[in-house]
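Which chain is which? They are A, B, C, D, E and F, in the order written, and residues in each are numbered from 1.
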Amino acid sequence: MPGEELRAAATSSPQLQPPPSPMDAAEDGGDEEAQVWDQIKAEAKRDAEAEPALASYLYSTILAHPSLERSLSFHLGNKLCSSTLLSTLLYDLFLDTFSNDPSLRSAAVADLIAARVRDPACVSFSHCLLNYKGFLACQAHRVAHKLWSQSRRALALALQSRVADVFAVDIHPAAKIGKAVLFDHATGVVVGETAVIGNNVSILHHVTLGGTGKFGGDRHPKIGDGVLIGAGATILGNVKIGEGAKIGAGSVVLIDVPPKTTAVGNPARLVGGKNKPRQHDEVPGESMDHTSFITEWSDYVI
Amino acid sequence: MPGEELRAAATSSPQLQPPPSPMDAAEDGGDEEAQVWDQIKAEAKRDAEAEPALASYLYSTILAHPSLERSLSFHLGNKLCSSTLLSTLLYDLFLDTFSNDPSLRSAAVADLIAARVRDPACVSFSHCLLNYKGFLACQAHRVAHKLWSQSRRALALALQSRVADVFAVDIHPAAKIGKAVLFDHATGVVVGETAVIGNNVSILHHVTLGGTGKFGGDRHPKIGDGVLIGAGATILGNVKIGEGAKIGAGSVVLIDVPPKTTAVGNPARLVGGKNKPRQHDEVPGESMDHTSFITEWSDYVI
Amino acid sequence: MPGEELRAAATSSPQLQPPPSPMDAAEDGGDEEAQVWDQIKAEAKRDAEAEPALASYLYSTILAHPSLERSLSFHLGNKLCSSTLLSTLLYDLFLDTFSNDPSLRSAAVADLIAARVRDPACVSFSHCLLNYKGFLACQAHRVAHKLWSQSRRALALALQSRVADVFAVDIHPAAKIGKAVLFDHATGVVVGETAVIGNNVSILHHVTLGGTGKFGGDRHPKIGDGVLIGAGATILGNVKIGEGAKIGAGSVVLIDVPPKTTAVGNPARLVGGKNKPRQHDEVPGESMDHTSFITEWSDYVI
Amino acid sequence: MPGEELRAAATSSPQLQPPPSPMDAAEDGGDEEAQVWDQIKAEAKRDAEAEPALASYLYSTILAHPSLERSLSFHLGNKLCSSTLLSTLLYDLFLDTFSNDPSLRSAAVADLIAARVRDPACVSFSHCLLNYKGFLACQAHRVAHKLWSQSRRALALALQSRVADVFAVDIHPAAKIGKAVLFDHATGVVVGETAVIGNNVSILHHVTLGGTGKFGGDRHPKIGDGVLIGAGATILGNVKIGEGAKIGAGSVVLIDVPPKTTAVGNPARLVGGKNKPRQHDEVPGESMDHTSFITEWSDYVI
Amino acid sequence: MPGEELRAAATSSPQLQPPPSPMDAAEDGGDEEAQVWDQIKAEAKRDAEAEPALASYLYSTILAHPSLERSLSFHLGNKLCSSTLLSTLLYDLFLDTFSNDPSLRSAAVADLIAARVRDPACVSFSHCLLNYKGFLACQAHRVAHKLWSQSRRALALALQSRVADVFAVDIHPAAKIGKAVLFDHATGVVVGETAVIGNNVSILHHVTLGGTGKFGGDRHPKIGDGVLIGAGATILGNVKIGEGAKIGAGSVVLIDVPPKTTAVGNPARLVGGKNKPRQHDEVPGESMDHTSFITEWSDYVI
Amino acid sequence: MPGEELRAAATSSPQLQPPPSPMDAAEDGGDEEAQVWDQIKAEAKRDAEAEPALASYLYSTILAHPSLERSLSFHLGNKLCSSTLLSTLLYDLFLDTFSNDPSLRSAAVADLIAARVRDPACVSFSHCLLNYKGFLACQAHRVAHKLWSQSRRALALALQSRVADVFAVDIHPAAKIGKAVLFDHATGVVVGETAVIGNNVSILHHVTLGGTGKFGGDRHPKIGDGVLIGAGATILGNVKIGEGAKIGAGSVVLIDVPPKTTAVGNPARLVGGKNKPRQHDEVPGESMDHTSFITEWSDYVI
């Protein structure tokens, strides 16, 4: 996302420098957060002016708020509330958690940048903040995970349930998720209790990181940094998907996948063969490069 | 759906001739629309009398309205509203769009007939209008697509997001969808920005028409007229699924599929082989013929 | 779930004996129901005391009610209501049906026990009652099925539609489902009109029990007792999955699967070969044993 | 209200005999209740047919219910619910109370007949049931009073508060109210803790039956049978308004008023003089005779 | 309200000529309406910019709408809706009625101007449109009256009931109300079935125009043009309050009041005496002159 | 309210000393606030245990909150929200204002104590906090007044309007109200823009502090400390009601009332005569002594 594009997207906003890569962004926290929040407000202001029918929504959800954490807490509270879990209660809960833990805020910012950089359909930060159920589910999960780590488990599980109902995204609150993670489309994603997802990962819809039976313990996949998991892939058991690996759409993965290799098929096999799998140089979770992937696949299939 | 069946389904309604095929139906517009709307009201009236617990719902959603477009706008407004996007605003938006574009109304009628003809579980037009999330998501998409084409993009994207939340159907507003299209069950369907879907297509749940990377441009599948796509199929990239082709359930398709052929498997291959694929005569999107398909598949597997 | 675990989970409750297996449980009805209800109240009381933010929800949904059927009816009424199908109407409908049919109540209890015993992430009965969309969708289906069997079809279909919207679980009201059934995660499950599911079955998310075409009649799978169906499996047509069979995640099954055998892959094949498939001794639907399954699979793949 | 009028009002209903006077009606309970309920349903059915825009409301509130107590409980539950006192909870509470105490039901029926007979603007029983805030506030009070008498005081006070918010009618749950009571228009009525209201009383809007200070004990008015209290009258302290007395609009009454006499003015005095007040023969609470009253008043004023 | 004041109130709006008197305004319809609507939008835009917390409300209620009738219909629909009378239904009803009857729109505009001119606390047109329950109740009444005149009585009475619940203003739909009427504060106003209110009338809160008994027929007050009725006044029976008369606060009026005279007290008497009442020159309903009134009163009292 | 009574009312709470008089209470701020909040929680806990049907309400509104200001903000937010003014927005607004202005909190505490001490029907602090519309309207007014003083007038007027709709209490945000004020029953109270209400005042329902015409400026009553205003009294114009004065129910007051005197009647006159009005020693706003008042009145009348 070069600077020109950003400027084109929100002409009325102060000019921004091209954003650093999402993971860097997460490091210097507050500045990045302020910059993105300014951009979001500029986008919302532009859209509210152009589209009166949407202005009320944009004001209530973004423009009425003094900070990203308030806007996000309001939006999540409204999305996830029910007749028995009131929006004010959820708003309070989200706001308290986001306010007290800057790492959750910087992770949210990194996720926003990740979506904006990696997804060509993501036309603006505000588009992601308002409309991406994967983004919203992930932020709600971060709060649920925080509650879980504070032994507030019943509340964490209630949040998980609301996210599963509203977004059809089912992430156990104990699961650990890194920064700059993109859940694209997100419908049907299931992530189990002992799963771990690294930084800079991109996961498409209908992906399962599932367990292997009725006994507890460490039983879910570990996803390394920079991994890309295609739509509908099912990864089961305490397997390790190495850094920068790529998992093909529709794959069923029951094996470890080495770093920077590609696994495809049902059951999944390594492209290039088990003993000497082909390696790539890119970071698939960032590059989202499906094109070469298709070639590889074709090679593999023939 | 022979005439007897229709008459049996709604004995209190004026006798209807057997409906023409959905695509013909779409041509002569108003008459077809009036006929289907009369049928819907007759069905709703019969059900309201038989089931007092449902009568309020049937009156508010169907019987209180003077036209299909009002009923549909009301129903979509109620389904898709949220605490920050009020039902009256959405109702207004849907009603304006349906009122001003007869092609959207005839497409809705063609979709209703398609569901009634092709899905044996679809017992009446009103059943589809009230209960089929695929039907409702598709009509909301048509409105979002119209808004997109008018450069009202923020509003179009907000609609897409509501449909994705409420129906778990995620169709980019830029995607082009023909008439007489059946999204059966529909949960988990994802259709990307540059995808095109022809007329008389039937698409089962969990189907993805996805992109191939982080760069924009034309990057999603083109689905020809009369295609049938089985449950859970994933089609990726700017590939062409020819007219009357059939895609097996659970397939992962990364290749062009010639007209009237069948692709199955993960990765998908053509039944009969790449060089001389077997051809069928029927229109799978209309015939929904999975039976012979099973035979073909078995042949292929063995 | 040994007795110690139960006691640990709810220290303030009267000590319970280790529960019998779910199916036995279903036999002696009332006692089991009372025991589980006592346990649920004890869990909710403990959680309400520990977590004031959740207390209101726990009181309104569990602790304010004198019986499981009232709590469940209230919870389903609130979850499934809409602006045109009011919570009071649904509450009345659920309560009447659960009150008049003890078999629905004992099935709900057996389902609760099944989740508690088989799913290591299910930390308490109340967690399942409150948060498991698969459990809630299944109980709503039982009521819809009852209505269907009383020829109250329009109402049954309206319920199906609400469940499909709210939980992304789409079960035709005519489908027959046994007791002690676990729908784990449940998002995206589709079960067709003539499908039959036996007792002690466990079904993961994204599973389809689908039909084969546009003609009515008996066209959906029959799932025997004790079957385990992995995530994303698609079973199509009037095929028979024998007692105690196991279906691998992501499989596409178009064939009969003999009792106590395993089918995997797309298209699915029997582990050990078509003619002499390997047989296991366990009841997969109860044991949830994915571990050995992975081994089998690896064997098969190589 | 002669029989012809009743028949004219609801031609599709079975012919009713002219209703006995409200108080007699209250005696033979069930029959009267069934007869009035049949009439209400006939009226609602007629209105639903004539006015599709109202049909949904009439079905959900009246026609979907098998009995008056269910319809009334549903209606009160919906009117009085809030985001923290859910409609299902209130519905349950009203239904339980009305079901278990036939005297509350016969009082409601007597109140309906009283409104129908005494108020020329009351065109039907269903009009009163649906629209008269005085009627609805009174029925909710009867339930609150029952709860109060069972020492469920916090719940009774919460109900009082909801009625005060929603209908602007503030009746302390300890106040005792007879049968066949008409609160006409009702806005602003305040009735204190130790007030007693007899049978066949008619009370207009803005009427206060208030106390006299900050000490507890018996400190509110006692209103005899058949009394009529005009709009805006304020009666303060433990005074006795005798049977069949009439209180002029806008009066401020701090004295006992003997039976069948009239008090008017601020401060109120007896028409005819303190020592030999004029007496009337009618029952003002039933006859609602303001005409002669005007004459009396004029006499008095001059 | 001189032009300067108007301009001061909304500096960003195009300069308006000082409005003609409300009744003149009502004559030339469309222009006045457009001018006031422009002013309302300018005010709302100014307030939305100054107060982000209110912007969402101002956009949804005013700025998202292309015309006053849509804004008003939306606002009334949201204010008056309930769980059984949906906002979309009411919106439709209001919009249809306002669209088809220009006299209702010009009456609304005249009422807005009346409030702005006569009430020093009315700081802007938008303040009245958004916040004056008397204004809103009156517009809803105009629609109910229209329905009543079309024999849609059940619907008219349902509207009356909603207005009585929500605004505590109870106006029978048959009552006739002129233009440029100000209901100030409005709580507790009751207007009976055969009452008539002229043009340029101002009525304070707690005012009753009531009937005289249980028999039908013409039994409520007739209020002439330009009348001012003080807070808490009760006028009973088919009496005539002459043009330009003034009724003191708290008065109880049972007699005809000649034009341009003043009635005060309980029971009310004419200032200056029955035979030669003092006459004033102003139009009290427009001048709202309570000051001289106090002097007169004092004279009268002494 | 002696200490024993307090202890009897909430046996499970820590023992409290008898509260000082409300005005003293307001002085030492935080301690008083903490003490009253502890008492409220103890009462709510006791009621929640005794009444499961109310527990959810008591937890969501009181027990889930760490402070009185949060509980009050939540309660007001839920009471006053609408479909276009969301509860989260109002909650935020109330919480910010109460948090930043301790004088608003101590005024609320003083009002709670005033209700508890003066109103024999006020059985507990929590009863007042939850159920007294006068208390709630007054606290919302304090926030609106704060906003008004910050020139956030549009928002202040929107709040006034919500309070007028929901509680039928219409207080202009510019009006100044002291501490330890009791609005008893409160329905129909109207307080104008330039009105001032002192400390320790008690005001019954239907009381108007109104203006005198269409011109701005200082035009509403000034109510001194310790005044008691009876139900339905109307006080008009910039008159001065002296400290400790008493205004009879139903009075219409257009004159200054000297300190510690009583005005009654329509038009109101001073008890004892204009030139040498009788004086009392008590503070009527605190003593609420209507008993001697009746005697005075009787004397006066005769």
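Simple rule for what comes next: a contact is a pair of C-beta atoms (placed from the backbone, for glycine too) under 8 Å apart; a residue touches a chain by one contact, two chains touch by 3 or more.
Chain by chain, the UniProt names read as follows: A, B, C, D, E, F = serine O-acetyltransferase.
These figures come from a predicted structure and were not determined experimentally.
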item: Joint neighbours of chain C (serine O-acetyltransferase) and chain A (serine O-acetyltransferase), given as chain labels; value: B, D, E, F
item: Candidate from E-F, C-E or A-F with the same interface as B-C, over half of contact pairs in common; value: E-F
item: Of C-E and D-F, whichever chain pair has more C-beta contact pairs; value: D-F
item: Chain at maximum distance from chain F (serine O-acetyltransferase), centres defined as averaged CA atoms; value: B
item: Gap in Å, rounded to a whole number, between the CA centres of chain D (serine O-acetyltransferase) and chain A (serine O-acetyltransferase); value: 59
item: Length of the line joining the C-alpha centres of chain B (serine O-acetyltransferase) and chain D (serine O-acetyltransferase), rounded to whole Å; value: 55
item: Chain centre separation (chain A (serine O-acetyltransferase), chain B (serine O-acetyltransferase); CA means) in Å; value: 29
item: Contacts with 2+ other chains: residues of chain C (serine O-acetyltransferase); value: 53, 56-57, 60, 64, 78, 83-84, 86-87, 89, 92, 168, 187-188, 206, 232, 250, 266
item: Complex interface listing, chain C (serine O-acetyltransferase) residues touching chain B (serine O-acetyltransferase); value: 82-86, 89, 92-93, 152-155, 157-158, 160-161, 164-165, 168, 170, 172, 187-188, 190, 192-193, 206, 208, 210-217, 219, 232, 234, 236-237, 250, 252, 254-255, 266-267, 269
item: Complex contact set, residues of chain B (serine O-acetyltransferase) against chain D (serine O-acetyltransferase); value: 48, 52-53, 55-57, 59-60, 63-64
item: Partner chain D (serine O-acetyltransferase), residues of chain C (serine O-acetyltransferase) touching it in the complex; value: 56, 60, 64, 70, 74, 77-78, 84, 86-89, 91-92
item: Contact footprint of chain F (serine O-acetyltransferase) on chain B (serine O-acetyltransferase) as seen in their complex; value: 83-84, 86
item: Contact footprint of chain C (serine O-acetyltransferase) on chain B (serine O-acetyltransferase) as seen in their complex; value: 47, 50-51, 53-54, 56-58, 60-61, 78-79, 81, 87, 117-121, 123, 127, 130-133, 166-168, 185, 187-188, 204-206, 230-232, 248-251, 264-266, 287-291, 293-294, 297-298, 300-301
